[in-house]
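We call the chains A, B, C and D, going by the order they appear; numbering starts again at 1 in every chain.
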Amino acid sequence: NLHLTGDNHAVSVTHNLLSAFIDNHLMHGNKMNIDPFSITWPRVVDISDRALRNIIIGLGGKDQGVPRETGFDICVASEVMAILALATSLKDMRERLGRIIIGSTRDGKPVSAEDLKCAGAMTVLMKDALKPNLLQTLENTPAFVHSGPFGNIAHGNSSIVADQVALKCADFVITESGFGADLGAEKFMNIKCRYSGLTPNAAVIVATVRALKMHGGVGKIVAGKPLPDELVRENIPAVEKGCENLIQMIENMKLFGIPSVVAINTFHTDTRAEIEAIKTLAREYGAEDAIESNHWARGGAGAEELAEAVVAAAQKPSKFGFLYPLEASIEEKMETIATKVYGADGIDILPVARKKIKQFNEWGPKYTHLPICMAKTHLSLSHDPTLLGRPRHFTVPIRDITASVGAGFLYALLGDMRTMPGLPSKPAGEAVDIDVNTGKIVGLF
Amino acid sequence: NLHLTGDNHAVSVTHNLLSAFIDNHLMHGNKMNIDPFSITWPRVVDISDRALRNIIIGLGGKDQGVPRETGFDICVASEVMAILALATSLKDMRERLGRIIIGSTRDGKPVSAEDLKCAGAMTVLMKDALKPNLLQTLENTPAFVHSGPFGNIAHGNSSIVADQVALKCADFVITESGFGADLGAEKFMNIKCRYSGLTPNAAVIVATVRALKMHGGVGKIVAGKPLPDELVRENIPAVEKGCENLIQMIENMKLFGIPSVVAINTFHTDTRAEIEAIKTLAREYGAEDAIESNHWARGGAGAEELAEAVVAAAQKPSKFGFLYPLEASIEEKMETIATKVYGADGIDILPVARKKIKQFNEWGPKYTHLPICMAKTHLSLSHDPTLLGRPRHFTVPIRDITASVGAGFLYALLGDMRTMPGLPSKPAGEAVDIDVNTGKIVGLF
Amino acid sequence: NLHLTGDNHAVSVTHNLLSAFIDNHLMHGNKMNIDPFSITWPRVVDISDRALRNIIIGLGGKDQGVPRETGFDICVASEVMAILALATSLKDMRERLGRIIIGSTRDGKPVSAEDLKCAGAMTVLMKDALKPNLLQTLENTPAFVHSGPFGNIAHGNSSIVADQVALKCADFVITESGFGADLGAEKFMNIKCRYSGLTPNAAVIVATVRALKMHGGVGKIVAGKPLPDELVRENIPAVEKGCENLIQMIENMKLFGIPSVVAINTFHTDTRAEIEAIKTLAREYGAEDAIESNHWARGGAGAEELAEAVVAAAQKPSKFGFLYPLEASIEEKMETIATKVYGADGIDILPVARKKIKQFNEWGPKYTHLPICMAKTHLSLSHDPTLLGRPRHFTVPIRDITASVGAGFLYALLGDMRTMPGLPSKPAGEAVDIDVNTGKIVGLF
Amino acid sequence: NLHLTGDNHAVSVTHNLLSAFIDNHLMHGNKMNIDPFSITWPRVVDISDRALRNIIIGLGGKDQGVPRETGFDICVASEVMAILALATSLKDMRERLGRIIIGSTRDGKPVSAEDLKCAGAMTVLMKDALKPNLLQTLENTPAFVHSGPFGNIAHGNSSIVADQVALKCADFVITESGFGADLGAEKFMNIKCRYSGLTPNAAVIVATVRALKMHGGVGKIVAGKPLPDELVRENIPAVEKGCENLIQMIENMKLFGIPSVVAINTFHTDTRAEIEAIKTLAREYGAEDAIESNHWARGGAGAEELAEAVVAAAQKPSKFGFLYPLEASIEEKMETIATKVYGADGIDILPVARKKIKQFNEWGPKYTHLPICMAKTHLSLSHDPTLLGRPRHFTVPIRDITASVGAGFLYALLGDMRTMPGLPSKPAGEAVDIDVNTGKIVGLF
């Protein structure tokens, strides 16, 4: 069932209900005097559909709405998805949905979902989605799959509620943070931990030989084409050079005061020497341990050694801390992340973002004393997907920033980050089909 | 759970996947030479959002798609929803999805979902939705709720698959056709029965005193306002005049050769004399029986007498027949429905529709030997919502017509029929909220 | 000099100044509360540019205007052009420009160019254009060429001011009314004569053998292709049949109470018998005379006989009268023109036009006691360009109607009349060039 | 006559004819395979109309053109206007119009007006406009007023043809270059002199006390408000500080190897000491002379002393030279202007411009060995209107660049330069009117 848990559906329809309320309000006299140009609340759809990125709606005359430029984001970029993952209870979710800011009035006051009288209905649409979905692994151990914010354009973490439930049921809970220690993990620490009140005991950093080789400057992966030969052939210098990327990941975990274990997710083409090179460097630069894991071949048994290392690391003393206080200025908070976590020289706030920050400051601390959720490429530690390894001497452009007050953060767009992907010239879906006799899906992988 | 069976979600995402494939094809060189102006496949959303009726997509430059005018329909108007309800098996659904026509090439050939290599992926997204959803009534009797095409803008019938399963499990199966005998029921007979191969033994026509009063020219219901007093006060002449509407419904069932029973859905304000007036006229004009039913107050027990009457009617001999042969011309088929079922003098095919019919004829019988699904107001037997009772001397304008080859019908738009509703100035959703302590929904009714 | 008199330039820039004022007003707070959807004032350009027919302006954000749907008309369709031709003095032009209605407020009051404080500046831009342009014919006789409203989409007559000046200088003044007696001439009588206070003494109806043949059902002229052979070969029956069209023209002149002379504009392929057929029928059906004119070959001398006949006709007694009083209802006035001048059975006012008429009536007599300017095809006496000869049994659809209060008429659109032409697939301009040594233009004809 | 010479009208209609040809070509099958996204040829209008800056055209279906995003520029920014001013003969104008590049094909080849077969017709429309307009001053001396490209967004110089004619008729010819020595004058030297083959003997730099005061940091002029008091009161330090701006202007003229005279355009509020301060500094920093001129009060007699000084300067030896060779790279040429003429540290070529430069280089020397026409604010020596005096330590952003191959230059947009102005909230036109009795215009000043 590709619809899986239904979370995306619930989020889409909840998000779009608010969108419809906004345009309906504009059309029926706009009593709140909303400035149509100020509206930052898009619509969302759970399809990669680039033709919906920039659209004009409300065409066709007086009874068809008010013409204005807007667009669709991919569902997982929705603030509602972020709220689902960060809400700690039904009550908390109700309040967060009410706090969503969709734009401002013509005289510059923020307008919320509560003001539009939509937050109640939104909560009703989300009430079942708040319940974590219990799935099982191939070895029949339980796992929660709940909420789906990507780690690049959203905060990239599984839900707080699922973690809460899991902690009641198990001795150790492992929760995933999407993409690297510069993305999901940074947001886990600075955003999710702030709202959950929970702190991690250890971090697991996943690495592969081929990814590090690529960060070492060798080979190029093109979607839809077979892996290039260079990535498969042994190349110790490339692996070692690529480890610079891994080292920054390890150092990033130290910034938050917690021990980390590197999990080397092995492939059959990896050579012993390559794996050892990673282990050596990882330990040298501060990982508690670096363990080869081959659960892909041997299932749970293949990850046992890793599990032991993580248990050991988790029992070490740790002193978790946030990277910045909420009271710091918006600029300072973004600069802290950019310089400490990405290794940048600084940030360059572009005019659109600068104007928004000015407005948030005018609105007061409720809109500024928030953590920052950076939307950034996952292909580089920087904002530029072509800068591999551990880039230096770059400045991060802050193109836009939105107040996701409901989710509880400011949402900054770095570089040319897109919030709606497009399909390639030959979409993967072309190969997907069903065997109508057996009901079996073909072409998914 | 307002998402209920998830059918709408599956239909939305399946429909929109095809939309994304279309625009993706246009952008990546348009190898099939699709004429962008010919595209009749919109996008859909399960929200009443009039600002999406007429939109321009693909703006923002070369990498953002090809600019063109299009729009969103409400999800239930999607051809995918119609297919879900009319498919008889997974295999049949796969084929129907492949047959969907989205427009034509610049040299006038039809372009299908199969041509776009999207039908396989669409079927995968729909495969679980094809399984009927088993719910239970308040008295714990089983009921299938499956697929949701409205009876005015779509074909208005529950799924064939649900009926098939039900017929394996029960002696009597009751299936609903949305709105009146001029809408859901006409489409049940002429469309659904053709594809299911099943025929009804009897029809139940639901009537209320207040609706007939309104058809008799008394009172006006305004959404969001309390019922006007005239509809509550006894008014025999109005009820009798309004019965003209009911009589046409009874006569319509006779056109198809099956017996009918009128179920008078009573309210506490109805008077004995009013109910008797309906009974008398219904029987006089050809209903097998007319029974008062008050299941609203007494549950199943309140409908027992009605059930007995339906059983009796169903055992009468019947000779079911379609209203028109598929080989009749498109114009003849539409005229048959308009004159026989609606009581019109004839039809007036507007230029846009005329051009499309010409094209379907050029494409051949696969595109013309199909039943017709009329999109029409449910507020009148005619196309004009202000014509109450049993209107006479009107001509039905056929504004547009689309080939829903996947669903297996031609889809005609009558008058100003909209395929995307709008919200009122005070949307009902404003009153909806949740009690965060109990999780109980408030404000739904 | 293709810019000729500069009238079109002055009209374009004057018209577009008002357009800019409107959108500027909307953007700067819209203090008059103009309903953007009510605006009927387009922009104009003196180029056939179909891509400007339907456009969306004001895109790009807050400082770039308010997004709305609008379009461009061809310059000659501008109300400013109509005003130029109908103004009787500078003072009158100033007042007429001020009376232009561009739309209405959200509470339904008309908004004028005066309200927008634009009429003064508009008059300044038009002040020199009001002076008639004196040109000379190839034989050096004087001629005024002043203003350029087309007879199909505008009122089709030369300026009142030019006629006034001419009447001071000559014994006989000939003024042109574009297209047929159903177009320019009807508007000359009912509109221009009302404002000038002048009345004609006689009408000259121009006919050609080939045009009448075509109205008789023979041949088809396609732009850019040579004349079909059938139009050149002698065909008396076709000419006679086509004369039905001419006869209605003659009858139309009688409706206004003035004598008419038919001028047969001969070509070298016309045969004697064809010309005689026209003469006979024209005289039989009421023309004072029908004269062959070959000024195309012989210059002024070739039109001498015609001139004598016109002088004779002009001296006959005549009793000029309007076809309708201004106080008649809008519907009556349109119906009078359609039935008496076009030979229609009646008119069918479509919803958009009906709504506008309702509004004009609410605004009062200043907006209704006006003559009607019909925008209609010149290819048929009816609204339908395919109905040749003298069509019968047709109903004229009134698609839209605008209050051109400045020009002093209501402007009705019949059928699919376009106010902005498009270029053909091979524009005539492709052949136009200049000999850079001599400065001579080539390819114009 | 506000239409003055008709040049703007001729340019507008000529420019827009090409626009119509482009969209007509797209619609009729696009045989040249033009990439719609590559089109850089806008439409123009001679009105400040910001709502036309960003528009979507071609809406309404198949017969109404192809939908695409485009916009209008102000007429004076048209390449046709630039061509009018730079053409040396009818033949040259014909060729330049043919060389206009409107965009490229889908496979990256340039598309010209010649390719579209429009250049001949364009020349015909422009042929009379090429003849200079002879006007007279208030003292009845002759003056040519010909072509109107602004010095900020265009090249800012009167026509070559007018200069050629003038040189045949007079001993000294004075020609104007719009705005400062960083704008019109730089373009005069580097662009116009290259095409005319003529070289100046001396430059006159116009200065006013109040403008220099403002560059010295005092007072702020707001359109529509009276001059602030600080600009009127004597303030020697401010004048001296502001002279830094004037000094760069003087130095700029030296860069081109020609002597310059400063003309101090006096007002009655200027004090003797202020004027002397300018004279002293101007002479000290290299002007041949600095002369007070009060022709505003005394007519020609008031400029006699200035004229003598200019005659003297013109007779000094000079060695005129261009600032850069055409063969230099595009980047180098822009950098030369920015660093030498504006005093910038360098340039920053933004991605859009960078991509275009890459394309021009691929197209070859015909598209790169051209002078550069910079579109830049006239309020500062830099690209930023807030940097007064003689700014230092700034980098000039090159936002976009277009190949105006017809005009014969590359057209670079610096910073947020707009090519279509907007009206203020109270347009000056509101005050303009006409006295209908006398025909006199009121409210123009």
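A few notes on this one:
To be clear about the criterion, a contact is a pair of C-beta atoms (placed from the backbone, for glycine too) under 8 Å apart; a residue touches a chain by one contact, two chains touch by 3 or more.
As the structure is a prediction and not an experimental result, all values here were calculated from the model.
The minimum number of touch steps linking chain B to chain D comes to 1.
Centre-to-centre spacing of chain B and chain C amounts to 49 Å, using the average Cα coordinate of each chain. One inter-chain figure worth recording: chain A and chain C are separated by 64 Å, centre to centre, where each centre is the mean of the chain's CA atoms.
Centre to centre, using the average C-alpha position, chain C and chain D are separated by 41 Å. For chain A, residues touching at least two other chains, in rising order: 56, 59-60, 69.
Pairs of chains meeting the touch criterion: A-B, A-C, B-D, C-D.
Residue ranges on chain B touching chain A, taken from their complex, read 1-3, 6, 9-10, 12-13, 16-17, 19-21, 23-24, 27-29, 43, 45-60, 63-66, 69, 89-91, 94, 117-121, 123-125, 127-128, 422-423, 425, 427, 429-434, 436-437, 439, 441-444. The part of chain D that touches chain B in the complex is made up of residues 35, 37, 56, 59-62, 67-69.
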